[in-house]
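The structures considered in this document are given below.
Each of the two complexes below includes subunit A, the first together with subunit B, the second together with subunit C.
And now, the complex of A and B:
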């Protein structure tokens, strides 16, 4: 893993300052690739993909956190893992199939619009569900929601039952239980899930390619387009920027919440 | 056995179960839709729906699709015997190590690194390694070294190992969590070698996790697109055929059928694993209860 994972990612920083040649790159020191990234529309695209990923994180929090709490608090202990495993099933089907099949579901004449019109929620079909940033956000939620549920559940699982019992005995109301117990104790899981969705939202090219339409570009797409254009230093600069973003977020998360706590229930 | 606790109004519980089921349904909806299309004689986008098995009958005549499935299967077969022992060793190392943070960081970070970014970094890494080995072969005259890291099966397998190892590690860790290390210590005290203690005492108890990890590796290999497409070189994998059809000509009806078959097989395998694990867990819990309270 050190040779084929850590080393290539660290070397992206070195390769990103190499000089571009016609088909490859040669050793040297230039910040042209970073200039090419930060002083062009790529930065705007990158920031816009960050914004959309943030929306996906917020949506995944509101959909996934209640599910994780419900499984931890209301499902019997022996059945909790079984219910959690239901969310593994979608992962076992290719992401390509899942994302591509969203196209006809979300399209103007698709299943979603037909259902909304059949139930009289709308009069005319909505075309903003696909080939727009909304489509990207929907794709990200459908692809990554289980990660928010898994990581949050892992954090909640580490909370001993007696804490809930003491709260119930002391008459703590639900709002306070949520604010003072569940939210702080689930924070490592929420953070890990959020980082996963955020980083993959800005780094996976497939979702904007299939659901985003012509204007949707994220860091992953910039990197793959750079490789197709044989601009390897630019691809490496984007990879280095992504790596620093990820490492920075994980470092902050670990300092704040000690992310290794998440593995306690299984170690 | 009831899955619910009974200190909540029934309607609230039903509502929450409804929300959970709805979320699972939404996540699975694209898969169901693919299956639905695969049974339409008129194919995708048609106004009318005529049920047929026609596409399933003709799926095996699509040479490109079958060829790509063969390549994907080959990748899975090569990846499996490498990644599973790595996963086992990593899980054992994690359990015994004092520096858990470093191990977790190295083993689980690939989960967080987007596929395009890792794929691009590995692609450039392999191209550089190739240049390095070409230089060495020129100096030493050993030309067998020259094409070691040419894009092809080996580079694709390395990419898949990096991608699947975190999943294997987590799945094996979950099963290992129930294993009591004292059993290995007892076996060693009685004179068993480390290998024998592992093979005859520990492995039978974590076997379910190891087999689950094998199933996960095969399924993930079939589903993986980005890293493999960047690292595979000249041949086609199942997902690369699908994506080229999707983005260029539109998916053929046979591809919908094949995608449905692959999805269904994956779902069935995972469901079997879940059911077997559930039964085993329940049996273990029963034994634990009997040992703890023999008179009850």
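And now, the complex of A and C:
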């Protein structure tokens, strides 16, 4: 734990306050990197990537949670895990290829636009699907949706069947079932899935690189660019900021939902 | 006793693949009756209960509750509430939220719900626990919450599916007394499924024995215990000394049964039998007199069997002798005082009163 987890994190923070040299860095204490981050367009980019990630999280919730509910409630018990396996299949393909494959689908004369035009939903192709923040959000949803489905399914699977029988006996309707039973009982899973998507949304540089336009830069991309520019302390500072954001989120989540509960049914 | 029927089940059939879970079951349960469905696991009693509650749709037959046909109604629209096996509470709601949830669904005024929940908690003995979460309750308390959650809806029938199976033996005994008291207080019909005959005897007004999807026998606990009409019932309630044989002869007072060429005479308790019919006899282990055979009294009469003691066990209140007969059948004899001169391998004679033997249809 300490070697693989705590030490790298500590080093990230320590290196982030080192002084930059031409090709590397030297020990020292300066907050220049943090200044460089907070007083430039980088902060704006970081905040907007948080905003876009939040949209991805919300979309993933509205798409993923119903899928998880459907699998838990309507698919036969023996088939449930096989259906879940289907959602792992895309991960057999390299992430770069998976995201790159979205380009011909989303582009101006891509598959999505031609389908929409064939069915007369639109007259002229929409060019905002790719090389825009929208493109990034779509990319994030496509890449990370399975994680929302997994984590919420795991939480729903832990709900014993008798709960649904009691509901049938008391006459719980769909809306009530969702609000009073499924949502609170799946909350830890929802939170875990949301944090995962959010953190990857601001951290993975690949998606904005391939699908994003000029305005869509996330923290991962800032760090990557900093490394390319040989500004290692800045890259470290960005990583440290991301790390603290994540720790804050997890702390809130732990206080609200007691995340350890989520892992109970597995053991 | 012109009681109306709370539940009328007619000709209920349910199959899973080509296995019958219920074969033409008929059942009437009176208003305000504590009715127990007793039988071995997999015998169909839970299927029957669930068909009454609406959780299972039978293949054919009908269920009437309070004179109303409920075949097409879902569980929540039937005048029944269910107490489930195990601890079926909403884990994220506290005790009073669990109990009041059914009323909340009916959008009843908050204060009314609170009042009713408090009354119900007093009734089932949960006073002062309203803010506890389910995982902070003992097994018995969790089942009380389930009872309260079901009873608060004031339905005509309470269905209990093995409600005490997850509790330990002592707690189960206490809960039996509680359940009986509760049923008398609220006055509605309880239908209780169990495989535990002691539990059934202690709560039931009437018991139905169900096995292999069929209604084997119905009666009061006393009838079932002291005079089971059916061999299966006798075995199920724990009779150990069962003999198979044929009717050799009978008149108004006596029946003679041929068991492996030994004749056993029993009192005729209005049995409906025919000559050569296959029947079983049983006798309670405490009704048999055991005596050492001496060479001088070796005459064997009709009401006597000879055997050898194979085991003597001291069991606190009584001593149990296992006696092996000439045909290798093993008989249990229970004696409340130890008979001093009996040892293992002794040859003994077993005798009984005519009326102690019971005759069962196979």
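Heads up, the rule we're going with is that the second predicted complex is superposed on the first by the 264 of 267 C-alpha atoms of A that agree within 3 Å, B and C clash if a C-alpha of one lies under 4 Å from a C-alpha of the other, contacts with A are read in each partner's own complex, and residues count from 1 in each chain.
By our rule, a residue touches a chain if its C-beta (ideal position, glycine included) is under 8 Å from a C-beta of that chain, and two chains touch if they have at least 3 such contacts.
Since the model is a prediction, treat every value here as computed from it, not as a measurement.
Overlaying the two complexes via subunit A leaves subunit B and subunit C side by side, clear of any clash. By the document's definition of touching, neither partner reaches A:31: not subunit B, not subunit C. Of the two partner chains, subunit C is the only one that A:166 touches; subunit B does not reach it. With both structures placed on the common chain, the touch criterion links A:115 to neither subunit B nor subunit C. Once the two complexes are laid over each other on the shared chain, residue contacts for A:79 go to subunit B alone; subunit C is not touched. In the superposed pair of complexes, A:58 makes contact with neither subunit B nor subunit C.
Once the two complexes are overlaid on the shared chain, A:128 sits clear of subunit B and of subunit C alike. In the superposition on chain A, A:15 contacts subunit B only, with no contact to subunit C.
Once chain A of one complex is fitted onto chain A of the other, the partner contacts of A:176 are limited to subunit C, with no touch recorded for subunit B.
Rounded to the nearest 10, the superposed model shows the Cα centres of subunit B and subunit C diverging by 80 degrees about the centre of subunit A.
More residues of subunit A lie in contact with B than with the other chain of the pair subunit B and subunit C.
Distance between subunit B and subunit C in the overlay is 8 Å (nearest C-alpha pair, rounded to whole angstrom). Once both structures are placed on chain A, no subunit A residue is touched by subunit B and, in the other complex, by subunit C. Subunit A meets subunit C in the complex at residues 160, 162-163, 165-166, 168-173, 176, 180-181, 184-185. Touching subunit B in their complex are the following residues of subunit A: 1-2, 4-9, 11-12, 15, 24, 63-64, 66-67, 70-71, 73-76, 78-79, 81-83, 85-90, 92-102, 104-105, 111, 142, 145-146, 195-196, 199-200, 202-206, 209-210, 219-221, 223-224, 227, 232, 235-236, 238-239, 242-243, 246, 250, 254, 259-260, 263, 265-267. Those residues of subunit C whose C-beta lies close enough to touch subunit A in the complex are 53, 55, 74-77, 81-82, 84-86, 88, 90-92, 101-102, 105, 149-150, 153.
Touching subunit A in their complex are the following residues of subunit B: 1-5, 8, 13, 16, 19-20, 23-24, 26-31, 33-34, 37, 44-45, 94-95, 100-101, 104-107, 109-118, 120-125, 127-128, 158, 161-162, 165, 170, 173-174, 177, 219, 222-223, 225-226, 230, 239, 242-243, 246-247, 251, 259, 262-263, 266-267, 269-271, 274, 278, 281-282, 285.
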